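Which chain is which? They are A, B, C, D and E, in the order written, and residues in each are numbered from 1.
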Amino acid sequence: MPTDTKRVRGPDVSQSPVLLGYKPAAVLASRGPREDGRQRDQVDVRPVFVRCGLVSQAKGSAYIEAGNTKLISCVYGPRETDRKDETDMKSGRLTTDVRFAPFSCPERVPWIQGSQDKDLSLMLHESLQPAVCLQRYPRSQIDVSVMVLENSGSALAHAVTCASLALADAGIEMYDLVLGCSLQQVGSSYVVDPSYLEENGWRCNSSESRGGLTVAFLPSLNQISGLQSDGEMSEETLTAGVRTCIEGCYKLYPVIQKVLTKAVRRAAPPST
Amino acid sequence: MAAGFKTAEPLEYHRSFLKENCRPDGRELSEFRSTTLNIGSISTADGSALVKLGNTTIICGIKAELTNPTVDAPGKGYIVPNVDLPPLCSSRFRPGPPGEQAQAASQFIADIIESSEVIKKEDLCIGRGKLCWVLYCDIMCLDYDGNILDACVVALLAALKTTQLPEVTINKETSAPEVNFEKKHKLNIHRHPVSVSFCIFDDSILIVDPTAEEESLSTARLTVVMDEEDQLCSLHKPGGTPLSGEKLQECIKRATARKGEIHKLIEKVIKSMKTAQ
Amino acid sequence: MATVQVSEAEKVYILHGIRDDLRVDGRGCEDYRHMEIETDVVSNTDGSAKVTLGHTAVLVGVKAEIGKPRPMIPNEGYLEFFVDCSANATPEFEGRGGEELGTNLSNVLYKVFSNKHSLDLHSLSISPGEHCWVLYVDVLLLQCDGNLYDAISIAIKAALFNTKIPRVNITSDDEGGKEIELSDDPYDCMRVNVENVPCIVTLCKVGHRHVVDATLQEKACSVASLIIAVTHNGTITCSRKVGGGSLDPESIFEMTETGKRVGKALHAPLMKLLQQEESLSKKRVRVGFLC
Amino acid sequence: MAGIELLSDQGYRLDGRKATELRKVQARLGVFAQADGSAYLEQGNTKVLAVVYGPHEMRGSRSRTLHDRAVINCQYSMATFSTAERKRRPHGDRKSTEMSLHLKQTFEAAVMTQLFPRSQIDIYVKILQSDGGNYSVCVNAATLAVIDAGIPMRDYVCACTVGFVDETPLADLCYAEESGGVSSLALALLPRGGQIALVQMDARLHQDHLEALIEAATTACKGVSKVLDEVVRQHLQEASVLTGED
Amino acid sequence: SMAVDMRLPTVKKTMTLSAPAVYRKDLVVPGDVITSDTGFMRGHGTYVDDDKLTASVAGKVQRVDKLICVRPLKTRFNGEVGDVVVGRITEVQQKRWKVDTNSRLDSVLLLSSVNLPGGELRRRSAEDELTMRKYIQEGDLISAEVQSVFSDGALSLHTRSLKYGKLGQGVLVQISPSLIKRQKTHFHNLPCGASIILGNNGFVWLYPTLGQQDEEAGGFYTSLEPVSLPDREVISRLRNCLLALAAQKVLLYDTSVLYCYESSLQHQVKDILKPEVMEEIVMLTQQKLLAQEG
């Protein structure tokens, strides 16, 4: 760990009481109903609470809450780019920054960005880029940041949705919205929009093979802009999983559209 | 016309309001923006609070972890406060390590915790010389529209007041810590500091709770921190134009009134949470 | 990534060739370039391998060190990945230029191995909660001619096959303290079972088709690729879309199918080669970089 | 000098060499096709890859451009697995920055940079296995890579690390000797003219011994140059057979 | 159907016909004295040290009258007036393009050295970067001739002949300039059914042989019609043959390329780059070349 001289430092090592109080029995069963009462093997996404334009300083912003997963995303720019190379002359540059608040997960997340944040930033970038009309913004840079305030699972999927809403709220030209959906495969069964425990429980027990999948989807263009899976899946479960996630995105679509319409109406001058 | 004036000559624009004893957003000189408080919204934190001061939004989450006390202070725990100004909250901040302003804010909060003794560090000791709590108080700005310090202090105080720690005992035989999540207790809050910040325009006009724009146009700033027993915990004036004793008294008077308002707000919100449960 | 420029007309030529299943170098869409594999090439490591694919050259070193198990999984060891995109491969990587790509590559490797079966992590346990083996898998990129993921994954599998971890004796003293003793005998060692270690296949979408083992020129004509890590029995342990474009669901499914089929087929020849090399052992002249 | 005996009474060193004996040097030119020049060199168990790009148009900031000669740009780095104890990062630490600078200074003395105004020549060296004399082995490998790139040099630059033990200079130190507390000195030489391109000594040494040590280093460098010469001529011979042009 | 060819590396056989007892005298290394005779002029790859003409690169000594050069096996392109080059545009600037020609500095193609379609030369409207990009933009390949050499060694190019200009569909192969044999013409329509530009700078361009008409439309228009499969196969085979020849350091010119092409016909195109196939077909090529000479 690089030492951090620009922050108030605590003791060199400390341990979360969660680790001491942890009981293997608490690990989730792979059968029966889910802990929050949702259905297994169905496209049962958590209801989302979404708002646009909450942050006064940003060009565009969005907040999304799905169960206890809470994220906020802001968009700044287009502004003149920091770096200049020849591709910048023809099209704009999109930057993404995903961070987890230190208190967002069961174990405290250190301030210094880890490789997980960088990985998520990259995946967010690749998921959003195909949807943004970057050639409309030559020599410019559009900055998207996402802060995960609480991670109760499916953070990347919701980050994608939240960030694309913030981009739309900022009036950035886009070919389509981007929606995200995750899925967790447990043996032959799956759960959609998994919670934190459903995502991470496998690390501690069970011999059943598990896999995680996140899809970013452009609903009206029917294009997949982001895909990431890990764990163990067969080709069939992966393919079925992708289809399920697309369905999950379509479930989200009307809600997101409604929020966006509302935001646009609010921003537009009253018609006479 | 007005919009053009506002952006082209921002200082003149503000002066034109101050002459009339009011501010562009309609406030009087000694009026705070509306303050809202939301507690316990982050379930992954042991205590949390979200404060809005007009547009300015601050969230504070408390995470408690176990560690060994230092040799110098075997009977004390740690409190580690950090303020972060992520690029998300304003275009003035870039990704990377904390800038000067964030570092200064962290230090300010650390000083208040130290001087006011919000929490006695002795309360965080579990086994003398063996085991204690470290309270990570992570404060983050989500919308930067001026006067983050006042909002940070409210968020910190409210978050600490809602923090609950599980019971931890040291097993006599194995000398390993054991955690009982069934039994939780609240932190003992000894003092309730409240911060009140001012800006001075043209070396003479004093306004309270400045917006980001007001901060950037002002000639000096002042922050007063006071607890419920009217003890000053901090008086912070980072340079700028000098201030008369008379003005300073005025500030302290305003702070005394504000302190009561904040205490009431926190009590009210905590009570409403309890009844909601 | 080392970038190459391709003119619009060259792009059209490459695109039509792939459409007709005849690539610029004469390959069909699912053909790999000539690949050379050699293990045991660096002696400061516990296992190593060098792979060249076209002009792409990768060197992997594995070092086993004793560390502390992760708190949540006290009875397992773990892997650490590091990818050094060195300036040797291209001047673009000088200074911190290769860092971003290196982080991206190592993040994918963590995902590829983030499951219960890719490697038996229990076998890396020494004493639960106290000591375990940590395998540092260090990838050094020496030349960059496209298709890094596939070359790296094959080199990793080969290096892990080659890895020999010293046997450990644990003795307890009177006060209950434990002492770890490493075997001095170089032949008294533990091998890692690499049967389930996946290989990565990168499918590069060019026009309406996709190709495996794309050259840099082909990659420059592509909007997006799908990388997919496949074990010998066809289990997919990681998949990911990379690149700035999007793909329609049907092509993702087609690419997944190809990826699984191709990935599965990589293991048998690789294992055969590794075993053949091992059986030759002392008779074999080490080639390394000298010949 | 605690612990190990670096020179036995019979005059043998830890690895069985005599005091002035070099480690076995083996090398190959043109190991990579994509670079302008490349070479691999083993000196005992120290193994190095060197790659040269250029001379080419200046990259990045043009402010570094020199109008009367080429800029030589070096990066020294070590594979994370090159040392007995794993390295956390390949370069960017103080030691490797210093090494990069020394390499740059060495090659500025040998390469005819004045022939390439406003250009840049990149020399990248990578230690694959580290067993002492890292700087010297890098110089030797880089010399071959520069030759492979067809970049004009006044002469080879050859380097050797030497040490001083029991009043005896030891040629071509290995790691055990370097870390065994020997006063060591690295010298880079243009062997034909005998010009010194770089000397680097950080250890304490009585001034009376310096001459002997430099003398030993010079001899060792000339020894190395013989081997490099052999390698280059062999390479030329092999490669020229087929060009079939007279 | 997928194909993968994995193998252990083999010790590369060097094709030395006989082990040299003595090294050839015409092969020198840096620092070797070529002559102490002061009557010679020093050319590339040499310098004068203490009145002695000394080699600065490893390579073969070449004498042309009083001029002595050493030609290294591999080097960046040292362009001379009249050389044919193939290059890639790296930058569009005011009134000029920068071109990568594998030289030590980027070459320059001045707007005034280009025949714009319809004789629009020197038209003001073409002088801005945007308009220039319509004709030739970053990434495009061109063939051109070296017009002059600037004092810093950078090359100035021109395309003022119908045979030069922007290149269309085809394949670029990059090899060392020292492997390109100097010939009267570097443009060939090979009898096997494709055309080749052997740039002196080591950039070799392979393309389908065009009809007379297409060629005259030349300059800035490039056809994006698909190239036929048989033509592609010929081009791919030629590409791999070029790489095989270059790997074995055989000089490239129309005859050597053609012989290699013919020698390769018994193999599939994609197999040509396997080490043993390369060796075999280059050996056959060598034999044919020797037979032709003898």
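FYI, contacts are C-beta pairs under 8 Å (C-beta built on N, C-alpha and C of every residue); 3 or more make two chains touch, one makes a residue touch a chain.
These numbers were taken from a predicted model, which means no experiment stands behind them.
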item	value
Touching chain A and also chain E, the following chains	C
Graph separation of chain B and chain E (steps between touching chains)	3
Relative to chain C, chain with the most remote C-alpha centre	B
Central subunit by CA centre of mass proxy	C
Rounded Å distance, chain A centre to chain C centre (Cα mean)	28
Interchain centroid distance [CA atoms averaged], chain C/chain D, Å	32
Chain centre separation in whole Å, for chain D relative to chain B (CA means)	59
Rounded Å distance between chain B and chain C, as computed from the means of their C-alpha atoms	49
Multi-chain contact sites of chain A, meaning residues that touch two or more partners	15
Residues of chain E touching at least two other chains	138
Full enumeration of touching chain pairs	A-B, A-C, C-D, C-E, D-E
List of chain D residues in touch with chain E within their complex	30, 36-37, 54-57, 67, 70, 112, 116-119, 147-156, 190-193, 229, 232-233, 235-245
Footprint of chain C on chain D - complex, ascending	26-28, 31-35, 40, 42, 45, 47, 49, 51, 53, 59, 73, 75, 77, 79-84, 86, 90, 92, 122, 124, 126, 128-130
Residue ranges of chain E in contact with chain D within the complex	14-17, 20, 23-24, 27, 29-31, 45, 47, 49, 56-60, 72-76, 104-106, 152-153, 178-179, 181, 248-251, 282, 286, 289
Residues of chain A touching chain B in the complex	4, 6-11, 13-17, 20-21, 54-58, 68, 70, 72-74, 76, 79, 97, 99, 101-106, 108, 111, 143, 145-147, 149-152
Of chain C, residues touching chain E in the complex	5-10, 12-13, 16-17, 19-20, 22-28, 30-38, 52, 212, 261-262, 265-266, 269-270, 273, 276-277, 284-285, 287, 291
